[in-house]
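Order as written gives the chain letters A, B, C and D; numbering starts at 1 within each chain.
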Amino acid sequence: MKLFEYQAKAIFQKEGIPIPSGYLAAPFEAAGFCEQIGFPCVLKSQVLQGGRGKAGLIQVVKNSAEAGTRIAELEARGVKTILVEQAVPIARELYLSVTVDPLRASALIIASGEGGVEIEDLAETAPEKIIREEVDITAGLQTYQAVDIAYRMTDNPDEARQAAKIIQALFKVFSKYDAELAEINPLFVTESGELLAGDGKLVIDENSMGRQPGFERTRDHYDSDMEYEAAQEGIPYLQFDGEISLMCAGAGLTTTVFDLIHYEGGTVANYLEFGGPNYRKAVQAMELCLRNDSKVILIVTFGTIARADVMAEGIVDAIQRLRPNRPIVACIRGTNEEEAKKILEAAGIEPLYDTEEAVRKAVALCGQGSAISGADDPDGRDGGEV
Amino acid sequence: MSIFITRETRVLVQGITGKEGSFWTGHMIDMGTNVAAGVTPGKEGQSVFGRPVYHTVRRAVAEHEAGSPPCSLFHRVLPGCGFEALDSGIKKIVTIADGIPLHEMVQIRAAAKVEGALVVGGNTSGCISPGEAMLGMFPYWIDRVYRKGTIGIMTRSGSLTNEVTAMVVQAGFGVSTLMGIGGDPVPGTRFAEMLPFYEADPETEAVVIIGELGGTMEEEVAEAVEAGIFTKPLAAFLGGRTAPKGKRMGHAGAIVSGGRGTVEGKVKALESVGAAVADRPSKVGLFLRNLLDRGLTY
Amino acid sequence: MKLFEYQAKAIFQKEGIPIPSGYLAAPFEAAGFCEQIGFPCVLKSQVLQGGRGKAGLIQVVKNSAEAGTRIAELEARGVKTILVEQAVPIARELYLSVTVDPLRASALIIASGEGGVEIEDLAETAPEKIIREEVDITAGLQTYQAVDIAYRMTDNPDEARQAAKIIQALFKVFSKYDAELAEINPLFVTESGELLAGDGKLVIDENSMGRQPGFERTRDHYDSDMEYEAAQEGIPYLQFDGEISLMCAGAGLTTTVFDLIHYEGGTVANYLEFGGPNYRKAVQAMELCLRNDSKVILIVTFGTIARADVMAEGIVDAIQRLRPNRPIVACIRGTNEEEAKKILEAAGIEPLYDTEEAVRKAVALCGQGSAISGADDPDGRDGGEV
Amino acid sequence: MSIFITRETRVLVQGITGKEGSFWTGHMIDMGTNVAAGVTPGKEGQSVFGRPVYHTVRRAVAEHEAGSPPCSLFHRVLPGCGFEALDSGIKKIVTIADGIPLHEMVQIRAAAKVEGALVVGGNTSGCISPGEAMLGMFPYWIDRVYRKGTIGIMTRSGSLTNEVTAMVVQAGFGVSTLMGIGGDPVPGTRFAEMLPFYEADPETEAVVIIGELGGTMEEEVAEAVEAGIFTKPLAAFLGGRTAPKGKRMGHAGAIVSGGRGTVEGKVKALESVGAAVADRPSKVGLFLRNLLDRGLTY
């Protein structure tokens, strides 16, 4: 789970990493905080997407008038929360992160005395300037390692002392919060020689959320209401704007079906994983699909624990309850697939066995408009209403 | 023959008394797997399909002295139960359990390296050698997938395993050993680390890798081929080619990040060492026919 | 630093180890808490000495009258704090501790399904009943180890589940508090099948006190006012009742001089370490010695960093300021010992070089009474007053 | 010859710029010790007695590639600086620093075992081979103590070292190598672990152990002799015989506890393998004369 900048920075500060002073504000409050902090100051949109600077979601403002304009623009773009920060005079930008090295089975500190937000370019053009330090994840970071990295980042002892403390604190954040990634980019060196976290990125391991209480996904974590609602059901869902609603089992198979549709010239309305722990959630899954403006629902599964007969029963149940207004293509294989075949056939659905055939059929159906009984709402907008 | 597990391999099932644990233990035994004992804390003295249950792995191993068995972890009976098997001297461990915290899995992989053990998983269905034995949970009764043969299969994805394997069988082949290395971001054992076993197995003629975008495991396979560690014909299926960059679709391993980890990069790396990389599951079977025909005419 | 039972139990409870309910009381409050808890209840004197049960410092009382009598007795024996606890009906007593194994370089859990307060006897008569489990102090205790130990302590799954949790919690206490020893002895199994910490012992590593804030040694940690006052100066001091005050450098040498005095038929008034970081504290050290009813002060040092000349100067300074009323025997060797010799001779003190000779001289002087100038107070009680 | 350090041994001093560090570095050099470099974070570029100073051990080792030097830790420049030396590949480390937390010292000893390194201390004056070299802080200029000779000395106590060694010299002997193993409850290296070095050293004729009540290190020495690991004459001084039981006198190691660790038990164990155990420092010299006379008449 990726945290917002303000959440990451609050944790950084708690663990001893200096951050610029600032206030978290709704757009209507932001102008007031700008006055309080003084100009110039920085408006930082609290959204999860990367590259906020290049996307214009971070704005330095020099006076009240400019602040008002920029805040209005951000609000118009849907920004709901703004971090209003002092504009610190920057001498240099450093880079620091802690992540996991799956191959070496260790924690990995990546640092640089240059780069800052341009770190990816630096990694390509001058890889020798990227400092990599492996850390035993059981023993943790040794003080000497932090000191060694610090003196590779800067020759200035005063900066290095600060950097060593920040490295230790960031590693502590990484460990304590079960992070996939803890990153400070840029790590500012101010004109007065202080090190400050210019940004904060903290991604918490999904498998550790049970032992990391206090983090909740809110609507702001999702791009759309549909994705948020699906997540509330525990259903992985992504919104697209094509014609075929996917209702497939497992990330690998769903992604493959996604590919196959594009290979066949089709388009995807939504990605939806209906498998694993969700294999009894046919009704909820189909309801989500029906709320799309799609032309076909394509169901592809090949399950082991997620038994084919249970899935087939769920789909038949969902069709009876939701009366979908568009054709359904079903390719349900795996454990008890013979049973599943009978269930589908009894409900008047043709059981397919070959994924590519199913995809071709779904793409072909998109060209034909809807052709199933109960399709009393051709534009499909009401299809998802129970 | 088969790699990792044979009919003789003595198996210990952690979490044997649970619903999933006992269900799949029954199937493992039906298929011919030599399940020796099981472990569930608090259930010592019970038995499951005639196999004795112990409180801890240490007790089970002590009672079955003739060689420590490999150990299939079903649902995570305890936090850190991978360490229990490792510390009891077991050298081949399949971690069916999902939801293992990332940092714990890094520790388990590090400990396994020190011990010279193989921990496969977590978040995997395990491994199966059709007609021989199974350490995990596969619907081996679906004959159009789990047919005995000469193709080794390694997979990162649960859901694609049946899909791609069915295509291998449809093309006229069968499976020597199918190894699910697990869908979590840090698997205990990586593709390239399994290759020497397939290389050494006289019954494996070729290997198919079912990869995924993200991570660098496919690139490592290419390096192993380049280094001569694996010399048999190699095919791969790689999905996610049309996935929008940065959109997270399922597994953490599927986040596209940096220069490595893209499907394009993986395809290029694998093709540069002579592997046939399919963009559709059905092509895997076709490629295998080509690869093995070529192999035979040499 | 050894904690009191009530301190250890408070930490145990905080980390999830069940303890009997109870109240900490001054003697005058204890009777009231007995009534509140109900009878029978237990009066546990909060003193640091071991074997409190056998010493009568733990008393089970059945009614108010008995409580009153026992509380008065304990108060008369100098007990200042009593832990008043419910008397839990006990079915069995187990044993559990975590300590360090210096040879194996690991943490060591010692446990037993029997024993309780008789654990030392059990270790001799039935050593196979003592469970020993090594734990990697970096990786920490694995859950399976706790479970394994628990099922070796008891075959009852309900008890074992409780025991496993207590083992994990006690190990956490051991790690978090930098303990030399964390011990629950006895670990009660109540008649209703609950596991409770009957006693709590927690010894915190002296070298870790800097990173374990919140623990202070109070007067209650010492056997005498003198020992407490010496400790405030950072001077290791033990009170005895013999004739020779020791003022020696280093634990090993001081202990050896202690032996040699006894071999020569002498007796020790006080043990005092005047060396290491204290080697400039001659005045404070001599003042402590002079407050004893001793006949001779014996100074023995053989220092490296603690330079002999500095020590000699300190002693001469102390003599001039404190005007000791009893003879001083000085055997000061080590770095700059030639310089030290001159300083002592200039002050009229005979410099000795051989420890055994110095000891013999001190013992001999005890037979002669005081024989130094300024000995205007023959009983020596005022000798230490400045 | 000498054990642990010779005139050729290249020495790195952690904490070289501190008051104690530079003072004793000067003396080490005066005595002939080959101090190659020093480490103090933030002081790279400076020099101490002509020896270059580096920010970290890693940098110092990288600059002095011809063999990693042993490393004398003066005052604890950083928490866990023992790990810095170990992780930099240094195999002989003397930890002068006192006040090392118990749990950290256990970790350092465990790590040293894994690395096959010797960490001596903490809380020690170090080791000295009179007339050769010194890795620590000893008043080598006091000739009635630090005289070159053939007796190996190992000590747990700082304050008794000079006392007992003076008696050895007074009896007509000298010191091959004096090794302070440190006064903390968990020394990095134990008496018995040093014995093989004294056994192998042709110039060491006999060894004297300056023990202490508490712990089991003296008993381990007896076991090593019993096992034939050490065969030269052995003497010991053990104080604390008249200490009241349970009274804590100084070091944590001096708490009398359990059946082992008593002076009586230690004396019995050592005497049962032929060691001469003195109750007064002066007897050590006498015993050595007896032991070596006997040794010489064989």
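Quick note on the criterion: contacts are C-beta pairs under 8 Å (C-beta built on N, C-alpha and C of every residue); 3 or more make two chains touch, one makes a residue touch a chain.
Keep in mind the model is a prediction, meaning the values are calculated, not measured.
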item: Between the pairs A-B and A-D, the one where more C-beta pairs touch; value: A-B
item: Averaged-CA centre spacing for the pair chain B and chain A, given as whole angstrom; value: 28
item: Chain centre separation (chain A, chain C; CA means) in Å; value: 57
item: Inter-centroid spacing, chain D versus chain B (mean Cα positions, whole Å); value: 52
item: Multi-chain contact sites of chain B, meaning residues that touch two or more partners; value: 107
item: Residue numbers of chain A (touch at least two other chains); value: 138-139
item: Touch-based graph of the chains, sorted into line, ring, star, complete or other; value: other
item: Chain pairs in mutual contact under the definition given at the outset; value: A-B, A-C, A-D, B-C, C-D
item: Chain B-facing residues of chain C, complex; value: 139, 142-144, 147-148, 151, 157, 160-161, 164
item: Interface residues, chain C side, partner chain A - complex; value: 138-139
item: Residues on chain B engaged by chain A in the complex (per definition of touch); value: 20, 98-103, 106-107, 109-110, 113, 125, 137-139, 142, 156-160, 162-163, 166, 183-187, 190, 210, 212-213, 215-216, 220, 239-243, 246-252, 254, 258-259, 279-282
item: Complex contacts: residues of chain D adjacent to chain A; value: 41-44, 55-59, 78-81, 83-84, 87, 107
item: Chain C to chain D touching residues, read off their complex; value: 50, 100, 102-103, 105-107, 120, 124, 136-138, 175, 178, 180, 205-208, 210-211, 236, 238, 248-256, 258-260, 262-263, 271, 273, 275-276, 301-305, 333-335, 337, 355-356
